[in-house]
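Take a look at the structure set out below.
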Amino acid sequence: MLDRMSDPPPRGYAANKDQLHKRLARIEGQVRGVQKMVADERYCIDVLQQISAIQAALNKVALGLVDDHVRHCMTDAAGDERRRDEMTEELMGAVGRLVS
Amino acid sequence: MLDRMSDPPPRGYAANKDQLHKRLARIEGQVRGVQKMVADERYCIDVLQQISAIQAALNKVALGLVDDHVRHCMTDAAGDERRRDEMTEELMGAVGRLVS
Amino acid sequence: MLDRMSDPPPRGYAANKDQLHKRLARIEGQVRGVQKMVADERYCIDVLQQISAIQAALNKVALGLVDDHVRHCMTDAAGDERRRDEMTEELMGAVGRLVS
Amino acid sequence: MLDRMSDPPPRGYAANKDQLHKRLARIEGQVRGVQKMVADERYCIDVLQQISAIQAALNKVALGLVDDHVRHCMTDAAGDERRRDEMTEELMGAVGRLVS
(Lines give C-alpha, C1' and ligand atoms only; values in the text may rest on other atoms or scores of the structure.)
Protein backbone atom coordinates (compact mmCIF):
# COMPACT_ATOMS: atom_id res chain seq x y z
CA MET A 1 0.00 0.00 0.00
CA LEU A 2 3.03 2.25 0.27
CA ASP A 3 5.82 2.17 -2.34
CA ARG A 4 4.01 4.31 -4.76
CA MET A 5 6.13 5.70 -7.56
CA SER A 6 3.96 8.68 -8.25
CA ASP A 7 1.45 11.17 -7.07
CA PRO A 8 -0.44 9.36 -4.36
CA PRO A 9 -3.99 10.56 -3.87
CA PRO A 10 -3.76 12.89 -0.89
CA ARG A 11 -4.71 11.11 2.30
CA GLY A 12 -7.55 12.61 4.21
CA TYR A 13 -5.25 13.81 6.92
CA ALA A 14 -2.51 15.16 4.70
CA ALA A 15 -3.65 18.72 5.33
CA ASN A 16 -3.23 18.31 9.06
CA LYS A 17 0.05 16.41 8.96
CA ASP A 18 1.99 19.08 10.82
CA GLN A 19 -0.54 19.29 13.62
CA LEU A 20 -0.70 15.49 13.85
CA HIS A 21 3.07 15.28 13.96
CA LYS A 22 3.24 17.83 16.77
CA ARG A 23 0.61 15.99 18.80
CA LEU A 24 2.34 12.65 18.39
CA ALA A 25 5.71 14.15 19.33
CA ARG A 26 4.12 15.50 22.51
CA ILE A 27 2.60 12.09 23.26
CA GLU A 28 6.02 10.47 22.78
CA GLY A 29 7.38 12.94 25.32
CA GLN A 30 4.56 12.08 27.74
CA VAL A 31 5.37 8.37 27.44
CA ARG A 32 9.02 9.13 28.19
CA GLY A 33 7.84 11.17 31.16
CA VAL A 34 5.96 8.15 32.51
CA GLN A 35 9.11 6.04 32.12
CA LYS A 36 10.99 8.58 34.21
CA MET A 37 8.22 8.60 36.82
CA VAL A 38 8.49 4.82 37.10
CA ALA A 39 12.31 4.99 37.29
CA ASP A 40 11.93 7.52 40.12
CA GLU A 41 9.32 5.32 41.79
CA ARG A 42 6.75 8.08 41.81
CA TYR A 43 3.43 7.33 43.49
CA CYS A 44 1.42 5.02 41.25
CA ILE A 45 -1.70 7.17 41.41
CA ASP A 46 0.29 10.03 39.87
CA VAL A 47 1.59 7.66 37.18
CA LEU A 48 -1.99 6.56 36.47
CA GLN A 49 -3.11 10.16 36.09
CA GLN A 50 -0.36 10.74 33.54
CA ILE A 51 -1.36 7.58 31.63
CA SER A 52 -4.97 8.83 31.50
CA ALA A 53 -3.69 12.09 30.02
CA ILE A 54 -1.86 10.12 27.29
CA GLN A 55 -5.01 8.09 26.57
CA ALA A 56 -7.00 11.29 26.18
CA ALA A 57 -4.37 12.75 23.83
CA LEU A 58 -4.37 9.53 21.74
CA ASN A 59 -8.16 9.63 21.58
CA LYS A 60 -7.96 13.16 20.20
CA VAL A 61 -5.52 12.05 17.50
CA ALA A 62 -7.72 9.06 16.66
CA LEU A 63 -10.89 11.13 16.47
CA GLY A 64 -9.11 13.59 14.17
CA LEU A 65 -8.20 10.71 11.84
CA VAL A 66 -11.77 9.38 11.90
CA ASP A 67 -13.07 12.85 11.10
CA ASP A 68 -10.72 13.16 8.13
CA HIS A 69 -11.63 9.69 6.92
CA VAL A 70 -15.37 10.39 7.01
CA ARG A 71 -15.00 13.65 5.08
CA HIS A 72 -12.63 11.96 2.64
CA CYS A 73 -15.04 9.04 2.18
CA MET A 74 -17.94 11.27 1.43
CA THR A 75 -16.06 13.30 -1.15
CA ASP A 76 -14.19 10.45 -2.68
CA ALA A 77 -16.61 7.61 -2.68
CA ALA A 78 -19.74 9.60 -3.27
CA GLY A 79 -20.46 8.18 -6.68
CA ASP A 80 -19.12 4.70 -6.13
CA GLU A 81 -21.37 2.55 -4.00
CA ARG A 82 -18.94 -0.34 -3.68
CA ARG A 83 -16.06 1.91 -2.64
CA ARG A 84 -18.40 3.63 -0.20
CA ASP A 85 -19.35 0.36 1.46
CA GLU A 86 -15.72 -0.68 1.64
CA MET A 87 -14.65 2.59 3.28
CA THR A 88 -17.56 2.49 5.72
CA GLU A 89 -16.66 -1.03 6.77
CA GLU A 90 -13.04 -0.09 7.33
CA LEU A 91 -14.13 2.95 9.28
CA MET A 92 -16.54 1.02 11.47
CA GLY A 93 -13.83 -1.55 12.23
CA ALA A 94 -11.59 1.28 13.39
CA VAL A 95 -14.30 3.03 15.43
CA GLY A 96 -15.30 -0.30 16.97
CA ARG A 97 -11.74 -0.87 18.16
CA LEU A 98 -11.65 2.63 19.67
CA VAL A 99 -14.98 2.28 21.44
CA SER A 100 -14.57 -1.18 22.95
CA MET B 1 -44.90 3.67 12.96
CA LEU B 2 -43.26 3.67 9.59
CA ASP B 3 -45.72 3.58 6.71
CA ARG B 4 -45.69 7.26 6.36
CA MET B 5 -47.40 8.41 3.19
CA SER B 6 -45.16 11.36 2.69
CA ASP B 7 -42.24 13.55 3.45
CA PRO B 8 -39.87 12.58 6.21
CA PRO B 9 -36.76 11.14 4.61
CA PRO B 10 -36.30 7.67 6.08
CA ARG B 11 -33.81 7.64 8.93
CA GLY B 12 -30.64 5.72 8.28
CA TYR B 13 -31.62 3.02 10.71
CA ALA B 14 -35.21 2.59 9.62
CA ALA B 15 -34.38 -0.65 7.84
CA ASN B 16 -33.01 -2.18 11.01
CA LYS B 17 -35.70 -0.92 13.33
CA ASP B 18 -36.91 -4.39 14.29
CA GLN B 19 -33.44 -5.61 15.13
CA LEU B 20 -32.72 -2.43 17.09
CA HIS B 21 -35.96 -2.79 18.99
CA LYS B 22 -35.15 -6.40 19.90
CA ARG B 23 -31.69 -5.48 21.12
CA LEU B 24 -32.97 -2.62 23.24
CA ALA B 25 -35.69 -4.83 24.72
CA ARG B 26 -33.02 -7.34 25.69
CA ILE B 27 -30.89 -4.58 27.24
CA GLU B 28 -33.91 -3.40 29.24
CA GLY B 29 -34.28 -6.95 30.53
CA GLN B 30 -30.60 -7.05 31.46
CA VAL B 31 -30.94 -3.82 33.45
CA ARG B 32 -33.92 -5.32 35.29
CA GLY B 33 -31.79 -8.39 35.92
CA VAL B 34 -29.14 -6.23 37.58
CA GLN B 35 -31.83 -4.62 39.77
CA LYS B 36 -32.85 -8.09 40.90
CA MET B 37 -29.22 -9.05 41.56
CA VAL B 38 -28.85 -5.99 43.78
CA ALA B 39 -32.15 -6.75 45.56
CA ASP B 40 -30.86 -10.27 46.18
CA GLU B 41 -27.52 -8.88 47.37
CA ARG B 42 -25.60 -10.89 44.85
CA TYR B 43 -21.81 -10.68 44.96
CA CYS B 44 -20.76 -7.31 43.53
CA ILE B 45 -18.21 -8.84 41.16
CA ASP B 46 -21.05 -10.77 39.49
CA VAL B 47 -23.10 -7.58 39.28
CA LEU B 48 -20.12 -5.81 37.68
CA GLN B 49 -19.77 -8.57 35.09
CA GLN B 50 -23.43 -8.13 34.16
CA ILE B 51 -23.00 -4.37 33.87
CA SER B 52 -20.06 -4.90 31.52
CA ALA B 53 -22.28 -7.13 29.37
CA ILE B 54 -24.86 -4.32 29.18
CA GLN B 55 -22.15 -1.82 28.23
CA ALA B 56 -21.00 -4.14 25.43
CA ALA B 57 -24.58 -4.55 24.18
CA LEU B 58 -25.10 -0.77 24.22
CA ASN B 59 -21.85 -0.28 22.33
CA LYS B 60 -23.11 -2.64 19.65
CA VAL B 61 -26.35 -0.69 19.30
CA ALA B 62 -24.39 2.58 19.16
CA LEU B 63 -21.97 1.29 16.54
CA GLY B 64 -24.89 0.11 14.43
CA LEU B 65 -26.38 3.61 14.56
CA VAL B 66 -23.03 5.17 13.64
CA ASP B 67 -22.70 2.76 10.72
CA ASP B 68 -26.16 3.66 9.44
CA HIS B 69 -25.47 7.35 9.84
CA VAL B 70 -22.20 7.17 7.87
CA ARG B 71 -23.84 5.29 4.99
CA HIS B 72 -26.80 7.63 5.09
CA CYS B 73 -24.49 10.68 5.10
CA MET B 74 -22.55 9.47 2.13
CA THR B 75 -25.63 8.79 0.06
CA ASP B 76 -27.62 11.74 1.17
CA ALA B 77 -25.11 14.50 1.50
CA ALA B 78 -22.86 13.48 -1.38
CA GLY B 79 -23.56 16.48 -3.52
CA ASP B 80 -24.07 19.02 -0.76
CA GLU B 81 -20.83 20.10 0.88
CA ARG B 82 -22.47 22.12 3.63
CA ARG B 83 -24.85 19.31 4.58
CA ARG B 84 -21.90 16.91 4.50
CA ASP B 85 -19.87 19.02 6.91
CA GLU B 86 -22.87 19.37 9.18
CA MET B 87 -23.50 15.62 9.28
CA THR B 88 -19.82 14.86 9.83
CA GLU B 89 -19.67 17.26 12.73
CA GLU B 90 -22.73 15.72 14.34
CA LEU B 91 -21.30 12.27 13.80
CA MET B 92 -17.93 13.16 15.29
CA GLY B 93 -19.63 14.64 18.34
CA ALA B 94 -21.45 11.35 18.83
CA VAL B 95 -18.36 9.20 18.23
CA GLY B 96 -16.35 11.41 20.56
CA ARG B 97 -18.87 10.86 23.35
CA LEU B 98 -18.73 7.10 22.78
CA VAL B 99 -14.94 6.94 22.77
CA SER B 100 -14.18 9.09 25.78
CA MET C 1 -22.88 -3.48 58.38
CA LEU C 2 -26.56 -4.20 57.88
CA ASP C 3 -27.65 -5.20 61.35
CA ARG C 4 -28.86 -8.48 60.11
CA MET C 5 -29.65 -11.02 62.76
CA SER C 6 -28.30 -13.91 60.77
CA ASP C 7 -26.40 -15.47 57.96
CA PRO C 8 -25.78 -13.69 54.73
CA PRO C 9 -22.37 -12.04 54.92
CA PRO C 10 -23.10 -8.38 54.29
CA ARG C 11 -22.23 -7.37 50.74
CA GLY C 12 -20.03 -4.33 50.34
CA TYR C 13 -22.79 -2.36 48.68
CA ALA C 14 -25.61 -3.33 51.03
CA ALA C 15 -25.50 0.06 52.70
CA ASN C 16 -26.16 1.80 49.38
CA LYS C 17 -28.79 -0.58 48.11
CA ASP C 18 -31.53 2.03 47.96
CA GLN C 19 -29.40 4.47 46.02
CA LEU C 20 -28.28 1.69 43.67
CA HIS C 21 -31.85 0.61 43.14
CA LYS C 22 -32.92 4.15 42.30
CA ARG C 23 -30.09 4.60 39.83
CA LEU C 24 -30.84 1.32 38.09
CA ALA C 25 -34.55 2.13 37.88
CA ARG C 26 -33.64 5.42 36.22
CA ILE C 27 -31.33 3.61 33.77
CA GLU C 28 -34.15 1.19 32.94
CA GLY C 29 -36.34 4.20 32.16
CA GLN C 30 -33.60 5.67 29.96
CA VAL C 31 -33.37 2.42 27.98
CA ARG C 32 -37.13 2.47 27.51
CA GLY C 33 -36.78 6.08 26.36
CA VAL C 34 -34.32 5.00 23.68
CA GLN C 35 -36.76 2.32 22.52
CA LYS C 36 -39.40 4.99 22.12
CA MET C 37 -36.96 7.24 20.25
CA VAL C 38 -36.28 4.40 17.81
CA ALA C 39 -40.00 3.68 17.42
CA ASP C 40 -40.53 7.37 16.66
CA GLU C 41 -37.60 7.31 14.23
CA ARG C 42 -35.84 10.10 16.01
CA TYR C 43 -32.61 11.36 14.49
CA CYS C 44 -29.90 8.79 15.15
CA ILE C 45 -27.47 11.37 16.52
CA ASP C 46 -29.99 12.18 19.26
CA VAL C 47 -30.38 8.45 19.97
CA LEU C 48 -26.59 8.13 20.22
CA GLN C 49 -26.44 11.01 22.70
CA GLN C 50 -29.00 9.26 24.87
CA ILE C 51 -27.06 5.99 24.69
CA SER C 52 -23.91 7.82 25.82
CA ALA C 53 -25.86 9.15 28.79
CA ILE C 54 -26.87 5.59 29.73
CA GLN C 55 -23.26 4.44 29.40
CA ALA C 56 -22.16 7.22 31.74
CA ALA C 57 -24.88 6.30 34.26
CA LEU C 58 -23.84 2.62 34.13
CA ASN C 59 -20.21 3.60 34.64
CA LYS C 60 -21.22 5.49 37.77
CA VAL C 61 -23.04 2.44 39.14
CA ALA C 62 -20.06 0.23 38.26
CA LEU C 63 -17.55 2.57 39.90
CA GLY C 64 -19.69 2.65 43.02
CA LEU C 65 -19.62 -1.14 43.19
CA VAL C 66 -15.84 -1.19 42.67
CA ASP C 67 -15.44 1.37 45.44
CA ASP C 68 -17.52 -0.72 47.83
CA HIS C 69 -15.62 -3.87 46.89
CA VAL C 70 -12.24 -2.26 47.53
CA ARG C 71 -13.30 -0.96 50.96
CA HIS C 72 -14.91 -4.31 51.74
CA CYS C 73 -11.77 -6.18 50.65
CA MET C 74 -9.52 -4.10 52.80
CA THR C 75 -11.65 -4.52 55.89
CA ASP C 76 -12.56 -8.10 55.34
CA ALA C 77 -9.47 -9.65 53.91
CA ALA C 78 -6.93 -7.61 55.80
CA GLY C 79 -5.57 -10.47 57.82
CA ASP C 80 -6.00 -13.21 55.25
CA GLU C 81 -3.45 -13.05 52.47
CA ARG C 82 -5.04 -15.74 50.35
CA ARG C 83 -8.49 -14.17 50.56
CA ARG C 84 -6.93 -10.82 49.77
CA ASP C 85 -5.26 -12.14 46.61
CA GLU C 86 -8.48 -13.80 45.55
CA MET C 87 -10.52 -10.62 46.01
CA THR C 88 -7.93 -8.51 44.23
CA GLU C 89 -7.93 -10.86 41.25
CA GLU C 90 -11.71 -10.79 41.04
CA LEU C 91 -11.67 -7.03 41.30
CA MET C 92 -9.03 -6.63 38.62
CA GLY C 93 -11.00 -8.89 36.29
CA ALA C 94 -14.01 -6.63 36.76
CA VAL C 95 -12.04 -3.38 36.37
CA GLY C 96 -10.32 -4.80 33.28
CA ARG C 97 -13.68 -5.50 31.68
CA LEU C 98 -14.84 -1.96 32.44
CA VAL C 99 -11.70 -0.32 31.10
CA SER C 100 -11.30 -2.22 27.83
CA MET D 1 12.02 13.56 42.18
CA LEU D 2 10.71 12.99 45.63
CA ASP D 3 13.70 14.29 47.60
CA ARG D 4 13.67 11.50 50.02
CA MET D 5 16.79 11.28 52.14
CA SER D 6 16.45 7.64 52.93
CA ASP D 7 15.00 4.29 52.12
CA PRO D 8 11.63 5.12 50.66
CA PRO D 9 8.92 2.65 51.42
CA PRO D 10 8.82 0.46 48.34
CA ARG D 11 6.09 1.55 45.95
CA GLY D 12 3.56 -1.09 45.13
CA TYR D 13 4.97 -1.51 41.65
CA ALA D 14 8.65 -1.48 42.60
CA ALA D 15 8.85 -5.24 42.18
CA ASN D 16 7.68 -5.00 38.58
CA LYS D 17 9.73 -1.98 37.63
CA ASP D 18 11.74 -3.79 34.97
CA GLN D 19 8.66 -5.18 33.29
CA LEU D 20 6.94 -1.80 33.46
CA HIS D 21 9.99 -0.13 31.98
CA LYS D 22 10.11 -2.61 29.11
CA ARG D 23 6.41 -2.12 28.34
CA LEU D 24 6.70 1.65 28.36
CA ALA D 25 9.79 1.53 26.12
CA ARG D 26 7.81 -0.58 23.66
CA ILE D 27 4.90 1.89 23.80
CA GLU D 28 7.32 4.74 23.12
CA GLY D 29 8.51 2.83 20.05
CA GLN D 30 4.91 2.31 18.94
CA VAL D 31 4.22 6.05 19.20
CA ARG D 32 7.32 6.73 17.11
CA GLY D 33 6.04 4.16 14.62
CA VAL D 34 2.78 6.08 14.29
CA GLN D 35 4.73 9.29 13.67
CA LYS D 36 6.56 7.54 10.83
CA MET D 37 3.26 6.22 9.44
CA VAL D 38 1.90 9.76 9.38
CA ALA D 39 5.10 11.09 7.77
CA ASP D 40 4.76 8.38 5.10
CA GLU D 41 1.07 9.25 4.66
CA ARG D 42 -0.02 5.72 5.36
CA TYR D 43 -3.72 4.94 5.08
CA CYS D 44 -5.49 6.43 8.08
CA ILE D 45 -7.33 3.22 8.93
CA ASP D 46 -3.95 1.51 9.41
CA VAL D 47 -2.83 4.41 11.60
CA LEU D 48 -6.02 4.06 13.67
CA GLN D 49 -5.38 0.34 14.14
CA GLN D 50 -1.90 1.12 15.46
CA ILE D 51 -3.30 3.76 17.84
CA SER D 52 -5.78 1.21 19.19
CA ALA D 53 -2.87 -1.15 19.84
CA ILE D 54 -1.12 1.59 21.85
CA GLN D 55 -4.31 2.26 23.82
CA ALA D 56 -4.56 -1.44 24.67
CA ALA D 57 -0.91 -1.53 25.76
CA LEU D 58 -1.41 1.57 27.95
CA ASN D 59 -4.51 -0.01 29.50
CA LYS D 60 -2.43 -3.05 30.42
CA VAL D 61 0.17 -0.86 32.12
CA ALA D 62 -2.55 1.07 33.93
CA LEU D 63 -4.33 -2.07 35.12
CA GLY D 64 -1.02 -3.43 36.40
CA LEU D 65 -0.53 -0.25 38.45
CA VAL D 66 -4.08 -0.45 39.81
CA ASP D 67 -3.51 -4.09 40.76
CA ASP D 68 -0.31 -3.20 42.62
CA HIS D 69 -2.01 -0.29 44.35
CA VAL D 70 -4.92 -2.43 45.56
CA ARG D 71 -2.60 -5.11 46.97
CA HIS D 72 -0.39 -2.43 48.47
CA CYS D 73 -3.41 -0.70 50.03
CA MET D 74 -4.71 -3.84 51.59
CA THR D 75 -1.36 -4.75 53.13
CA ASP D 76 -0.34 -1.29 54.10
CA ALA D 77 -3.51 0.35 55.24
CA ALA D 78 -5.14 -2.69 56.76
CA GLY D 79 -5.09 -1.42 60.30
CA ASP D 80 -5.54 2.27 59.58
CA GLU D 81 -9.06 3.18 58.59
CA ARG D 82 -8.28 6.77 57.65
CA ARG D 83 -5.32 5.79 55.48
CA ARG D 84 -7.50 3.09 53.91
CA ASP D 85 -10.22 5.57 52.97
CA GLU D 86 -7.64 7.93 51.57
CA MET D 87 -6.03 5.25 49.39
CA THR D 88 -9.42 4.01 48.19
CA GLU D 89 -10.44 7.50 47.18
CA GLU D 90 -7.21 8.04 45.27
CA LEU D 91 -7.65 4.68 43.60
CA MET D 92 -11.24 5.34 42.62
CA GLY D 93 -10.25 8.69 41.14
CA ALA D 94 -7.68 6.90 39.00
CA VAL D 95 -10.03 4.06 37.98
CA GLY D 96 -12.76 6.59 37.17
CA ARG D 97 -10.40 8.44 34.82
CA LEU D 98 -9.50 5.15 33.10
CA VAL D 99 -13.10 4.03 32.72
CA SER D 100 -14.66 7.21 31.40
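Should a chain be cited, it is by its letter among A, B, C and D, assigned in written order, with residues numbered from 1 in that chain.
Following the convention adopted for this analysis, a contact is a pair of C-beta atoms (placed from the backbone, for glycine too) under 8 Å apart; a residue touches a chain by one contact, two chains touch by 3 or more.
Keep in mind it's a predicted model, so treat the numbers as computed, not measured.
Taking the definition of touch as given, a chain qualifies here only if it contacts chain A and chain D alike; none does.
Taking each chain's centre as the average of its CA atoms, chain B and chain C sit 21 Å apart. In terms of their C-alpha centroids, the spacing between chain B and chain D amounts to 31 Å. Computed centre separation for the pair chain A/chain B is 24 angstrom, with centres defined by C-alpha atoms. Residue numbers of chain D whose C-beta contacts span two or more other chains: 59, 62, 66, 91, 98, 100. If you sketch which chains touch which, the chains form one closed loop in which each chain touches exactly two neighbours. By the touch rule above, chain C contacts chain D in their complex via residues 56, 59, 62-63, 66-67, 70-71, 73-75, 77-79, 84-85, 88, 91-92, 95-96, 98-100.
The touching residues of chain D, counted against chain A in their complex, run 1-2, 8, 10-14, 17, 20-21, 24-25, 27-28, 31-32, 34-35, 38-49, 51-52, 54-55, 58-59, 61-62, 65-66, 68-69, 72, 90-91, 93-94, 97-98.
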